[in-house]
């Protein structure tokens, strides 16, 4: 099943740059892994904001919540989740490219 | 450039079923054409609502507005558009499957 | 998977009482069937409002959207859906009573 | 009487992990006790958020407020309460499973 | 138990004055009866608006919803209900005057 | 004249318990005095929130603002005030019990 | 006592121009009278909107609500009222010009 | 030209009383000067809130913004500005009293 | 002085296409005239919406409100106006191109 | 392509004046450079607020997001971006003055 998430990041104002860079590095690794495993189908930056829209294909809600909680920056993120169904006007069952190598 | 749109449809309460069916049929044809031309990269139903999230890849704002205005049901839709940029954690330049036949 | 829905009903002001009663009768039958099949786990009236909170246990988003669309009063309802996961403090895997006869 | 609550938890950003873990441990014990006593009829995690929906069956408002105030994490929670009545389409008087051992 | 309600009335713009006056007359009778029975503890006009705040003392949610549904103008009202508990700074158990004749 | 106020209290997260208890003790004394003088006609806790609805009968706006400013916890409160008039359906001129001893 | 009101006017879309002009003529006469009697201390148009901010000096809430209800266009107006007190930085007790002839 | 401003003050919670008193003293002097110069036509306290509505008569936007920025407490204020025009129902060109001595 | 306006157009659902086209034709002529006279400095379509952002350079609020009221489609528009001042980082006194022919 | 941005600045309350002045100095230099390069077509102060509306002409979303992220004060700004298209009533293709020296 597909879910759209909007994530807004709010770091504490006094976080030092090294800590922030470390968070971002670990976040990137975590996100890459989710993409490589075909769970995160896409992620895009909202222009002008420290926010993203991202899409997830999972088998259930517990798995999805566990994935969100696993984000290194989870405690600094506001996450809003929208469940998505097949649209009657869709011409494909899956709009996303297959995972490379699969 | 990529844009995310959320569209909410509000038909007049007294629209007769045939008119509605005709709108939906023309909307589907229009939407299919946009998908076949690689402009609409995806469209998904918001569960429980007469709404969708859809993604567009266009060269400019005039083209995009013209596309929205061309929807047969445009006058019954509320459209909110969010410009999307490449996310630093993205592992691919394009998350969407290529148009079939291209 | 479990979903919480809040539904707000807005009938047209000039709907005649017989039509309204017919809608409500068909809605009740539809709702009863969903409960008997173990899909709708519960439904409660919001005090003072023509609204309900209801819970659904389904296998996927397409099934859930199809269920919502099937409500006889769907075109008069605003539906907001929240996906629910297991809470770490829950003492049971399922808080709802089993369907009678199962 | 039944009440639906939505609770959103906001811990201070600088709370140390041990303090947080201790809060969560005491919260779990408190929540379990409420469930065992048949007061909290269910609790579910909102996917992607440090939030829950939970349901309470109590005899009065003073009892309910006292229960909320008793949560170890009460000062870090925003709680919104909705009173629920019997829905005319409900097929059961009580949708929740009986407390085990009762 | 005590509940605070805010009610906002929205009559259709084309309702004729006689119909409106009849609604208001029946509403007044219904409201008076609730006050005489000690259920509606008070009702006040929000200055400048076709709205009221009113307070209800009832034994349960089904009774309260039934009372709201019984208002002759119920279908033209938006009702928002807030459950109230005893405040620790209250100097009385009941702030309202006893029903005359009781 | 009657005014309805909703007050929401937000203490700083790092306020020590003794300071908080002292604030609450002084608040209670101040509130009792207002009730004894017939100014605060009632005060109720919003279930689940550190908030109250309270009613005031005063001769003017300067007096009322001065009363609010006098609350020991005023700087930690958000106060929203609604002026109330006599409702045409009210069966009494004053819904509140007389101050004891008066 | 002083009150600030914001009024937003929403005429039905199909109101004929003569009816509208008649409403506006009667509204102007009513408003002039309130100004001449020193009740309406001022009225200003919100630039770009069919709205005004206006100020009222009255002795009580019943009088004020009665004044609002008396506006010929009352049923087409949304009115929001804010009670105003003396500001500690005010250099005058009354900022408004005395009624001519007084 | 006339502008209505609503100002909401939010001092840091840990500001010491002397600093706050000094801000308020300088604010009062600044506000008095604006009133004496006929720029600030009036200022009123919103009952129950650390907020005011105030009116300004200036020749242009740069002058007005400069006036706002000059408030000693500007960095602690949220300011919302509404441009006001002559209302067709106004019986006077200027509702405010002339500056004394002019 | 410069003002930014956001205008949202809401035509009645049953307006016939000829009437709509006539409104739009007259609106275009009116808008062109404002641009030619150097009053409307610019106008842009909000992508996906029947809305615009436009900028106005006028001498006063009465003139500006009169301009808005003069729009043929004024009664179908929601207009929100923001007064703009010179920004300290601006490198020019006027960002707009001179009116041709001036 | 043209984008309208609204930026609201929120500095930490305890930022010292020298740090703030340094931020503002670097922001001004960055903003001037964008204007000189013809990217930022205009910038205006919202009267009464530490906010601006500014317009950008860029070739794509990645470039625009990169420009926003480059603002020295980016981490203290809330940025909301609106994509703008050509309005059918526009009398010019470009409302902005050419960059001096070009």
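Each chain carries a letter (A, B, C, D, E, F, G, H, I and J) given by its place in the written order, and its residues are counted from 1.
One rule holds for everything that comes next: contacts are C-beta pairs under 8 Å (C-beta built on N, C-alpha and C of every residue); 3 or more make two chains touch, one makes a residue touch a chain.
As the structure is a computational prediction, the values presented were derived from the model and not from experiment.
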Chain-contact steps, minimal, separating chain E from chain B: 2
If a chain touches chain E and chain J alike, it appears here: none
Pair joined by more contacting C-beta pairs (E-F or G-I): E-F
Same-residue or different-residue interface between chain B and chain C, half as cut-off: different
CA centroid of chain H to CA centroid of chain I, Å: 29
Centroid spacing, where centroids are CA-atom means, of chain B and chain G in whole angstrom: 46
Cα-centroid distance, chain E relative to chain I, in whole angstrom: 46
Per-residue multi-chain contacts in chain A, two or more chains: 2-3, 45, 47, 61, 64-65, 81, 83-86
Every chain pair in contact, whichever chains are involved: A-B, A-C, A-D, A-J, B-C, B-I, B-J, C-D, C-E, D-E, D-F, E-F, E-G, F-G, F-H, G-H, G-I, H-I, H-J, I-J
Residues of chain H touching chain J in the complex: 3, 5, 12, 61, 64-65, 68, 75, 78-81
Touching residues on chain A, where the partner in the complex is chain J: 11, 13-14, 45, 47-49
Partner chain D, residues of chain E touching it in the complex: 1-3, 60-62, 64-65, 81, 83-86
Partner chain D, residues of chain C touching it in the complex: 2, 4, 24, 27-28, 31-32, 35-36, 41-47, 52-54, 82-92, 94-98
